[in-house]
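Each of the next two complexes has subunit A plus one more chain, namely subunit B in the first and subunit C in the second.
For the complex of A and B:
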């Protein structure tokens, strides 16, 4: 049941209504039932796996807390993390390694169906175990509440990675869900559909055609496809996140943000603080910072190593493919370059205030193009495919087919849709969206909502394309 | 919660109202008819059906399912340019599976998806010249035979096409009278707005009938056909769509075709291949472009070699003038009428013993082939 399906809308509606008529103390059971119903719609076997890893994390948390010595706590934590990471490794990466070992036509029994959302729920559970070990949170004793946290259906597919320390207290809070929270959740879902159906899926038609055979197109078409993919990915993933966060609000929960105007980031470090924020924060807390502490005596070499490992982990989190490795390493190189020169650059611009003004313009521009370059590796099927794209752009050859196979109507819809998306994102980022919305008369607010609804119904792509991040 | 439910209902009610008219149009015209029902109707009905939906195209799935269900001895395989072969041309059980493929990439998939009982004995394979153009942008390797989601297809069509329905109605592309099923029961059973408005569509044997063109042609040149050719001439000038220039042949397509021939040989299927024709004026326009379309000249030597290698016959009908065709034999730039298909079949039958023993005896007369359709068309109620 994809988030952008009619089935999900019906399911969410039923879950929301049922949630509000469920006694407060039973709500955790409601969440378990609906979350597992949702997960069962994907795979009953994988639902059992989810339950198994939830139990593992639950008992590990208790074990860590109850261990008498520091050594015992550490061992319990390490065992739990190893088990959870092991499940992730086996289910997510086994196929990639099987392909690597036996490229092409591998035996059928090698293939394992990857459980949906496994990268997200294992990361959530790992952070829970580590947080208990670090003493940031106490181990959860209520098995039902913990099971609801682990399987929470709005977040199960593609995040955001909601940590126990902010989720569990919300679950235990009794009381009705405020009306404004419900309506804001519905608006967020509507906006998510807008981004997914109007922008991402429409752009996907153009991007997919060119990425499938870049050799058939001229440099301009390939360049536009490279830009197009990054915008598609942004609209797709942030749309998915909005639907997830909106659904969460309908059930009375607030979840973390995943994006904050990433394409306006003045440098690559800022970009990663604004893109897929819940994942980068997770990796920052549980990979980068521990590594940084470990390597703290090695100066810049330690920093370089920590960044490189962290960014490689971000790349490989998407899958064990050379293209993701290249994507991670490339971003690692950007980060290292940026981190090592940032101080000097700041000093330079301090000494040249006139140029400092320009920095606000070219900083985001350069960052955006570095991101575009790396995204070619992310999107391409293989390194040679990525190279074909890059060399196609660099050839500056306009003799082949251009981008105009994409109808003018589509371009117009994308342009209008893109501008609307960015205006909303800007207002959201500045914390002015609620004010801007509620300062309007009720008829105007309804007009805005109808505008979005009819934009989606009139210009949406309703082919139920998967969300890109769904496969991770 | 009650307030939210009430407000949601109030908000959704006008949205729902807007869908009522498209819902009625699409359901009354047969646009919602599922692929499964179309297959069943085509298999069971003795009456002529003319089926063409305007807002969806499930035919690549229907054609594959049609082969599996009917298990014909002989099939025609290709794109829309191979759709004029009809059961009446053959004495063996036949099914026109044209549109089951969009490119050479799908050829192997067709054979692989048929089991031993379903696989035909003979395949007439229509190959479009653009298959072998390496710069052809619509080359698609995606699998084309996915089954439309049963039960939810109507919702998808409604959500995707509701605005188009309004736009088409306002632009008078269809009228309310096209939705009246009783009036359509005369002559042909017409399902789908494509069939009801344009009087063309798929027949029960999988072939396609350009009924409006056939009727109009009786009275002289058909302006729509000329308009289509003018549009294609514009594409040639713009070097767009089917007419993207190329000097060499697509190695990928040749490899895919060879893989198909190897698999056909292995599975004991006889293949007779041919290069599909073009309206004479179109070929002349391409020839006038000089070396821009050099790949066209290279197709036949390459394919001849390939088909010979596996003991199959191949014929080149790209130049339809060799078949005695004029522009009047084409409904647009590349889609010929049944008479030309009959001439193609005659040549194939003469060159290939497998086809020769499968064609109807006596061989159908061109002058006779459209008679029954014209008679049926006379009972129509719509302006053709």
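For the complex of A and C:
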């Protein structure tokens, strides 16, 4: 049951109504029932796995807290993390290793189905175990509450990675879901569908055509496909996140943000603080920081190593493919270059105030193009495919077919949709979306909602495309 | 070591690390208040603190820091 399916809308409606009538102290059971029902719609066997790993994390948390010695705490934590990471590793990368060991088709029994959402729920549980060990939170004693946290259905597929620290207190808070939360949740879901159906899936048609055979198109068309994919990915993934966060609000929870105007970031460090934020914060806390601590007395070499390992991990988290590795390494190199020169650049611009004004323009522009370059590796089927795209752009050859196979009507819809998307994102980021919405007369607010709905129904792409980040 | 003494020394570290002679650290100062105090620079700060005060910090302690006051507490507990 995908988020962009009619079934899910019905399911979410039923879950919301039932939540409303559930006594406050039973809400955890409601979440367990609906979350597992949702997960059963994917796979019953994998639901058992999900339950198994939640139990593992639950008991590890208690074990860490009860251990008498520092050494005991550390051992319990390490064992729990190893088990959870082991499950992720085996299930997520098994097929890749099978392919590596026996290239080609391979016997059917080699292939296993990757459990949906495994990259997200194992990360959520690992952070729980480590946070208990670090003393940031106390171990959860209520098994039902913990099971609800681990399986929480709006976040199970593709995040955001909601940590126990902020989730569990919200679950234990009694009281009705505020009316404003319900309406803002529904608006967020509507906006998510708008981004997914009007922008991402439409742009996807153009992007897919060119990525499939870049050799047939001229440099301009390939360049536009490279831009197009990054914007598609943004609309797709932030749309999916909005649907997840909106659904969460219908159940009275606030979840972490995943995006904050990433394409206007002034440098690459800032970009990663604004793109897939719940994942980069996770890696920052549990991979980058401990590595930096380990290597702290090696100066810049330690910094370089920690960044490289961290960015490679971001790449390979998407899957064990050379293209993801190249994507991660490239971002690692950007990040190292930027981190090592940032102080000097700041000093330079301080001394040249006139140029500093220009920096606000070309900083984001350069950053955006570095991101585009890396995204070609992310999207391409193979390294040679990525190379074909890049050399196709660099050839500056306009003799082959151009981008205009894409109808003018499509381009117009994308342009209008894109501008609307970025205005909403801007207001959201500045915390002015609620004010801007509620300062309007009621007829205007209804007009906006109907406008979005008609835009989706009239110009949405309804040929059911999967969410890109669903695969991870 | 007294808190005030630790704070004064810490302030000197901040000034040279973040290149700002006008910085004045209080117990409540957080990363948001100091331009350049990000996750990349955070560890340079820890290294400087360890060297200056002759102490060793654990990942757990570094992760639990919420403001400069927390850092001063760890310093005063550990430094002789």
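Keep this in mind: the second predicted complex is superposed on the first by the 472 of 472 C-alpha atoms of A that agree within 3 Å, B and C clash if a C-alpha of one lies under 4 Å from a C-alpha of the other, contacts with A are read in each partner's own complex, and residues count from 1 in each chain.
In this section, a residue touches a chain if its C-beta (ideal position, glycine included) is under 8 Å from a C-beta of that chain, and two chains touch if they have at least 3 such contacts.
Predicted, not measured: the structure shown is a model, and the values here were computed from it.
Asker: After the overlay on subunit A, what do you see for subunit B versus subunit C, clash or fit?
Answerer: Superposition result for subunit B and subunit C: fit.
Asker: Could you look at A:401 and tell me whether it touches subunit B, subunit C, both or neither (first, second, both, neither)?
Answerer: In the superposed model, A:401 contacts subunit B only, not subunit C.
Asker: In the superposed arrangement, does A:339 touch subunit B (first), subunit C (second), both or neither?
Answerer: In the superposition, A:339 contacts subunit C only.
Asker: For A:24, decide between first (touching subunit B), second (touching subunit C), both and neither.
Answerer: Neither partner.
Asker: May I ask you to name which of subunit B and subunit C touches more residues of subunit A?
Answerer: B
Asker: One more residue to check, A:6. First (subunit B), second (subunit C), both or neither?
Answerer: first
Asker: Looking at A:216, would you say it contacts subunit B, subunit C, both, or neither? Reply first, second, both or neither.
Answerer: first
Asker: Return first, second, both or neither, reflecting whether A:97 touches subunit B, subunit C, both chains, or no partner chain.
Answerer: neither
Asker: Minimum CA distance, subunit B versus subunit C, superposed model, integer angstrom?
Answerer: For subunit B and subunit C in the superposition, the minimum C-alpha gap reads 39 Å.
Asker: For subunit A, which residues belong to both interfaces, subunit B and subunit C?
Answerer: The overlap between the subunit B and subunit C interfaces on subunit A is empty, containing no residue.
Asker: Quick check on the complex: what are the subunit C residues that touch subunit A?
Answerer: My answer: residues 19, 36, 38-40, 42-43, 46-47, 50, 59-60, 62-64.
Asker: Which residues of subunit A touch subunit C in the complex?
Answerer: Residues 133-136, 269, 284-285, 288-290, 292-293, 296-297, 302-303, 339, 343, 346-347.
Asker: Which of the residues in subunit A end up touching subunit B in this complex?
Answerer: My answer: residues 6, 17, 20-21, 179, 182-183, 186, 209, 212-213, 215-217, 400-401, 405, 446, 449-450, 453-454, 457-458, 460-464.
Asker: So in the complex, which bits of subunit B are touching subunit A?
Answerer: Its residues touching subunit A are 1, 3-5, 7-8, 11, 14-15, 134-137, 139, 141, 152, 155-156, 159-160, 162-163, 240, 244.
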